[in-house]
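Dropping the structure in here first, questions after.
Should a chain be cited, it is by its letter among A, B, C, D, E and F, assigned in written order, with residues numbered from 1 in that chain.
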Amino acid sequence: MIYLTRKAEFSSAHFYFNPLWTPDQNLAAFGKCANPNGHGHNYTLEVTVAGEVDPATGFVVDLKLLKDILEREVVSVYDHHHLNHEVPEFAATNPTTENIAVAIWTRLDGKIPNARLHRVRVYEMADLFADFYGETA
Amino acid sequence: MIYLTRKAEFSSAHFYFNPLWTPDQNLAAFGKCANPNGHGHNYTLEVTVAGEVDPATGFVVDLKLLKDILEREVVSVYDHHHLNHEVPEFAATNPTTENIAVAIWTRLDGKIPNARLHRVRVYEMADLFADFYGETA
Amino acid sequence: MIYLTRKAEFSSAHFYFNPLWTPDQNLAAFGKCANPNGHGHNYTLEVTVAGEVDPATGFVVDLKLLKDILEREVVSVYDHHHLNHEVPEFAATNPTTENIAVAIWTRLDGKIPNARLHRVRVYEMADLFADFYGETA
Amino acid sequence: MIYLTRKAEFSSAHFYFNPLWTPDQNLAAFGKCANPNGHGHNYTLEVTVAGEVDPATGFVVDLKLLKDILEREVVSVYDHHHLNHEVPEFAATNPTTENIAVAIWTRLDGKIPNARLHRVRVYEMADLFADFYGETA
Amino acid sequence: MIYLTRKAEFSSAHFYFNPLWTPDQNLAAFGKCANPNGHGHNYTLEVTVAGEVDPATGFVVDLKLLKDILEREVVSVYDHHHLNHEVPEFAATNPTTENIAVAIWTRLDGKIPNARLHRVRVYEMADLFADFYGETA
Amino acid sequence: MIYLTRKAEFSSAHFYFNPLWTPDQNLAAFGKCANPNGHGHNYTLEVTVAGEVDPATGFVVDLKLLKDILEREVVSVYDHHHLNHEVPEFAATNPTTENIAVAIWTRLDGKIPNARLHRVRVYEMADLFADFYGETA
């Protein structure tokens, strides 16, 4: 059993907002992240898949295929887009690092042939990241 | 003569747009960067000052003071803001990495006591950066 | 269940010494780390907390609060201090990367509201780090 | 129980090839990695050992000893060598990142006194790495 | 005048060899780099161009065009190839970091519209790099 | 003319102190860096030499020789030592990043065969570094 991790990047705009709250409540909870003009980040995505090594190739998963899946399912949808305004799963959900990790798990789970999705890690900045392993409470 | 460099970071949204051009011309020139919803980056700023070492302290410039100047003149204005919509110098100028470097030079030049501003370097991403030394054509 | 990780840094002096040993035994066990004048490092701390995402905010834990806790409980005590001489838990215990990880766990465990401390990782240098998950033998 | 991780590096040449396949099949499966002239990488190895902290030293494992073991068992064999042509375990097995992680596990397992080998991580590039924990299917 | 730098990467095999020398002389001069089976690296290339900012775009040079030129002139020729055996300029010249920087300068000089090639930097590893500014003795 | 840069690292303790000043003046000027117990850093040194490429080797300077010179002249003297207490040039001079860069220049200038010392860069942390080119006012 090998765990293989591939990184990808996307640059997106976002802001934090709870429509059930007043502007003052939003500002109190989210500070400068509540600015409705938005700000942005260079996100780094690490996707880990688990599987057995194919003795014919030495691969758990074909890397070109994995890269294409990440591009099609995540990067093309998130990169150079505004997460709140253009990505459906964030229309009514804050695009926090935590929620982005869960959303990417949902986008990828079941799409990678011959391997199991093990972990989605999302860095918002070099000093902050969230991991999701598909665990539900 | 010592050159001292201090880094700072800011996370901002932006997009590229020339109001004299049609939408098709903007798309042709700027590609996915032309998306008017904006996208964003974690920018890294490196500010280099040149000066002589003060024998009483061993400093070219007081680092706390330099950090405060960068915070007041640049980071507080750019960080968690939308460069096109909220930062005056980009109201009618594209916030490209090149133009951001020039704008930060203008914001800092003459503000640092006892040292000469030598270089402003701005990274938009790890694989792209612009340097400005105050040179005019 | 999301695992959120926040980094912090501190720059400290330390050395290794076992008071039950002779100077020669200390030198044999600790080499250049036994120099009683001390040396130092830029330590990087990664603290991982586990919890469920609050649907009102999208957060496992308020990041500003987490940063304040790390600052108050760890960084303000360790940063720009001599670990052997000024930090109580290292008065009679070597400040190795392993022991620093355990000490930071003890400082943080139970202090983070609405989340469980999952892992403390301490880098002494880029090529050496220790992880502690609160496991006792 | 502490998990201690040490990094090491080696620079090697390799290529991918399945001798049971035609050249066209190799090219289809491995693309530019099938070039028999070889290409190369700066590999980064992270070895994690698990154990209890020795109260006399504060160490899980003597770092000088661990470094010497990594040098003797792995780095001296792989570094500045061609993995396919000079390293026995890759004479008939593709030196993929996955297989390198397994091979390094085999080289190290049982060689580290007073600690258990927990994980071998191999980076082929900054955006691709494989983890092996000794798990067999 | 702005200096814009773009990074690219290539993974190649190489070795060092002077055909006028005996094997012993090659080994004495080049050590483990003289191994004729070759070894390899993940090279990082930084190309800096200098020019004035086009007021219509805010660009010194179109980044997509610059990336395409680096890909066509350098990366497609060097990446996943053996520098000694497959790249003409190294048929009789050692592919040292120094010579690679000069060779890439020769490949790029005069090919970048509206900007002057200012510097080619090549990293062989994170702790070793060579800069060439086109200066001849 | 090629500029070749080699990195090295050293981990040292230091503090800032002007013996002509009162404790209050030292605290006002140096803040937490004035703590006489000392703190420490992982310093990164980048040494750049300039020279012509030897056509017989492709080298500006023999890298093994350069590494040995850095080790002998700088690393063995600074690493795992207290700069104020154990390194002669800092007995009466503050070991600031600026002064360390000048001191390393003095240690290396004239010691590297067949190449000219061009620049000494010292990082105290990832976000702060000083460059010295041997320029005197």
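We take it that a contact is a pair of C-beta atoms (placed from the backbone, for glycine too) under 8 Å apart; a residue touches a chain by one contact, two chains touch by 3 or more.
Computed from a predicted structure; not experimentally measured.
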Copy pair subunit B, subunit E: interface residue numbering same or different (half cut): different
Pair sharing more residue contacts (C-beta pairs) when C-F is set against C-D: C-F
From the options C-F, B-E or A-C, the pair that copies D-E, where over half of the contact pairs coincide: C-F
Inter-centroid spacing, subunit D versus subunit A (mean Cα positions, whole Å): 29
Cα-centroid distance, subunit D relative to subunit F, in whole angstrom: 34
Multi-chain contact sites of subunit F, meaning residues that touch two or more partners: 126
Pairs of chains found to touch, sorted by chain label: A-B, A-C, A-D, B-E, B-F, C-D, C-F, D-E, E-F
Residues on subunit D engaged by subunit C in the complex (per definition of touch): 1-8, 48, 52-53, 56-60, 63-64
Residues on subunit E engaged by subunit D in the complex (per definition of touch): 9, 11-14, 32-33, 35, 37-42, 79-82, 85-86, 125-126
Subunit D-touching residues of subunit C, taken from the complex the two chains share: 16, 18, 20, 29-31, 93-99, 101-102, 126-133, 135-137
